[in-house]
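Two complexes come next, and they have one chain in common, chain A, joined by chain B in the first and chain C in the second.
Here is the complex of A and B:
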């Protein structure tokens, strides 16, 4: 665990079946986004396939969505996998609003993602 | 030719003179306790100049009398009063010139009145005037030189002249200082009076209480007042009044009248009879020409009935729910002029309307030489009518105090309305990202209370948070500032019409620059505006009335 106690966003990274699984918790708004973004970009920079677990994220705003998109684009350039798993209803409706629910690959869990590929 | 010893002695004497003058000048300039300083000085002067007695007389009583303020020597003269033209001292003052009388028995100006009263024998007098610029203050007098011949000499005259000049300045300064202290004391008392006065006004109530008032005094103390209180049966007694005249007199009459109202109003619940009682009481011992205009009444929140009586005050205005106004006419003379007057009552039903009772300071406020007038005031009310009552009063007083508008009189407004208050929020937070959560949490409470379902509340909260994020990043550009969030129901449109306004005090932004970006250009800000537009029925950016910052108004119809 490498959490900044100041940040409203907590996270946990597990190495599971060849993926880095980042599990965020809290509200990803203008205050929490810089921290969340740094975590996502560090995973991609370490050249690992990455999935973001958003089950415990109760709120995400446009800045949070933008850092997910940034991670997605960076991974694509590096031919790495980047996906979202287990996302809460709150997050899903914001992604739908941004018409990004079809851009990201979204799965119920990491297992489901591996089976689907 | 003078011998060197003589010159040396003269020099030494001159030194001593200068030292005394310097010492006394310093004492005079550093002390504001004039009695003490003069007492001390007169003794030193007497001893130094080898006089038998010395005294200082100052002009008093419009310069018609000379009064001894201090003295030294065998006879106590302090407090002695002489006519201003009395004797040698009177002459000194009148001619504004030093008088040296070597033998008083040969001087026609000498009067033996004091000697006869005191038993003292005056032989020779040295008297110097005390003046500052052209103002005559009095004189300083030395009596009987203690020398072989008992005579004052030319040197004595010069020293006394020098001492008199600095003493005069000290007396003058002390008088100015005490005038200043007096002025400060009066100022302090006015501030106390203002505090006492504002404590007479009732404590402001929350939006769901039917009566609200506000008073803006133009001086330290005001002649306007208002009051309201709830009776045990739930009815509310209220009044608003304007005392004729300004300043301390007016405020004392205000204090008296408001106390009478507050006390008698608890048992006498007929506004007309209550005013008759106050009228007689004020008339009985009122200062000539002072009077009080008052609107007083009683409101029953259970059925919306208001009973009003009006003593010479301008008619209150009722704004009906549909928006038009009616003046509630019903005139009797002001309180305190004629005893035993009847004050007829008017009964009306407030329903969903609002009653405005106000002083003429409102309608007589001017902008560009033009008075606001009744119509202007009505337009001001209408401009803010969809705001909750306390926010509306605040907005009206902001408009009244806006740059360019001149207020000449105290301004007081009392507002009565009986609307069930829809949930609303007025919140101010620092424009910092770490305050966004607080903003969202407070907004969510109100939006849910206003009847929104959970899913819609999520959407509304997202739009509000995006708007606030934009203010932080793009208006303040991460500089310090505040965000004001206001949420209320615009019941004139529909009980489900939610109005959300966000206001900042940053530089005004060109509205054309605020637009959503293409969806593939996902940077914060652009995507945020896209969210807001998608989620809200309506989005309008305006420059606030006071010309500072930005205001965003978002509207949405609530569905459960």
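Here is the complex of A and C:
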């Protein structure tokens, strides 16, 4: 787990079944987004398929969602996979508001994603 | 029932014993109300009832004569201008005329609060702005100028700007004014979707009854600067208060004349 005390967002990255799995924890808001964005973009820049696990994210605002959008676009440009797993109803509501539930590939778990791919 | 609801729920906005004046004229007269977190409160009343004034005081635009207004626990009648500036980051406002800057594109207008109040990366800001335009069904319109938009589109662009920072409190001044019934209904639907997705506390000032009944969780009815009633849509509909029924039935206001006061007013002797 990342322990950068300057950031309200914690994360850990695991290499699982061909994916970099980024597990964020806490709130991804105006204060936490710059850090979360850096983590997401670094995964894509490393040319790895990436899955963002949001199960421990209690709140994500539009800035956090924007970073997910940016990461997804960069991944698509590089023909990499990028998906979301374990998202709460609250996060899903935020995505639905901006019609992004139709854009992202969303699965209940990493296993479900692997089975679907 | 209303009072019990208010005390048990968490108050996002609490107005206590608010008295305001314009010059020597009292506009709001000992107003008490509470808006709970995630609630849509519609403030309605006839012209001159004080509803727009109440909104302006909630926004911290004027100094009250007495009383308090707590937004997210902060009494805005007492806090410093710096604290008010910080609090405004949690507030979105959609003004009646849209209040877009005509010299800026729609996208620049929407992103303006992000440029002013955050240090987010420009890519993040641009995506956020486009997302919010998509929320209000104006996706792809970011490069247009406000003059190229219809009245309804301007209202929606203004709403996109109001919600671009994901505010906890969202205020609307006559959102449906000047809109055709379909555009007004679409705006109502947007307000409901935003509340559902973001649990935003929303205050709407309007005299549009159709809109009020579509979106309100509760209604505050103002008349001559005083609160006539605070209640659910059904409670207000079923009220036997004569003034409220006049408002609901769109009846012309009966003008009460105080002969002495009227004479003083005409002759310029009123204090």
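The definition used in the following text is that the second predicted complex is superposed on the first by the 114 of 117 C-alpha atoms of A that agree within 3 Å, B and C clash if a C-alpha of one lies under 4 Å from a C-alpha of the other, contacts with A are read in each partner's own complex, and residues count from 1 in each chain.
The rule we apply is simple: a contact is a pair of C-beta atoms (placed from the backbone, for glycine too) under 8 Å apart; a residue touches a chain by one contact, two chains touch by 3 or more.
Every value quoted in this text rests on a predicted model; they were computed, and no experiment measured them.
Visitor: Consider chain A as the common anchor and indicate whether chain B and chain C clash or fit when overlaid.
Guide: clash
Visitor: Give one of first, second, both or neither to describe whether A:96 is in contact with chain B, with chain C, with both, or with none.
Guide: Once the two structures are laid over each other on A, A:96 reaches chain C alone.
Visitor: Between chain B (first) and chain C (second), which, if any, makes contact with A:37: first, second, both or neither?
Guide: A:37 contacts chain C only, not chain B.
Visitor: Based on the superposed arrangement, let me know which partner A:27 touches: chain B (first), chain C (second), both, or neither?
Guide: So A:27 only meets chain B here.
Visitor: State whether A:8 touches chain B only (first), chain C only (second), both chains, or neither.
Guide: first
Visitor: Touching A:65, do we find chain B (first), chain C (second), both, or neither?
Guide: Once the two structures are laid over each other on A, A:65 reaches both partners.
Visitor: Can you tell which stretch of chain C bumps into chain B once we superpose, 27-35, 207-215, 243-251 or 261-269?
Guide: Among 27-35, 207-215, 243-251 or 261-269, the clash with chain B belongs to 27-35.
Visitor: Would you please give the residues of chain A that touch chain B in one complex and also touch chain C in the other complex?
Guide: Correct list for chain A: 29-30, 33, 61-63, 65-66, 69, 93-94, 97-100.
Visitor: Can you list the residues on chain B that touch chain A in the complex?
Guide: Chain B residues touching chain A: 433-434, 436-437, 440, 455, 458-459, 461-462, 465-466, 469, 472-473, 519, 522-525, 527-528, 530-531, 534-535.
Visitor: Which of the residues in chain A come into contact with chain C in the complex?
Guide: Touching chain C from chain A are residues 29-30, 33-34, 37, 61-63, 65-67, 69-70, 93-94, 96-100.
Visitor: Touching chain B in the complex: which residues of chain A?
Guide: 8, 27, 29-31, 33, 59, 61-63, 65-66, 69, 90, 93-94, 97-100
Visitor: Please name which positions on chain C make contact with chain A in the complex.
Guide: Listed in rising order, the residues of chain C that touch chain A are 118-121, 123-125, 127-128, 131-132, 134-135, 164-166, 193-194, 196-198.
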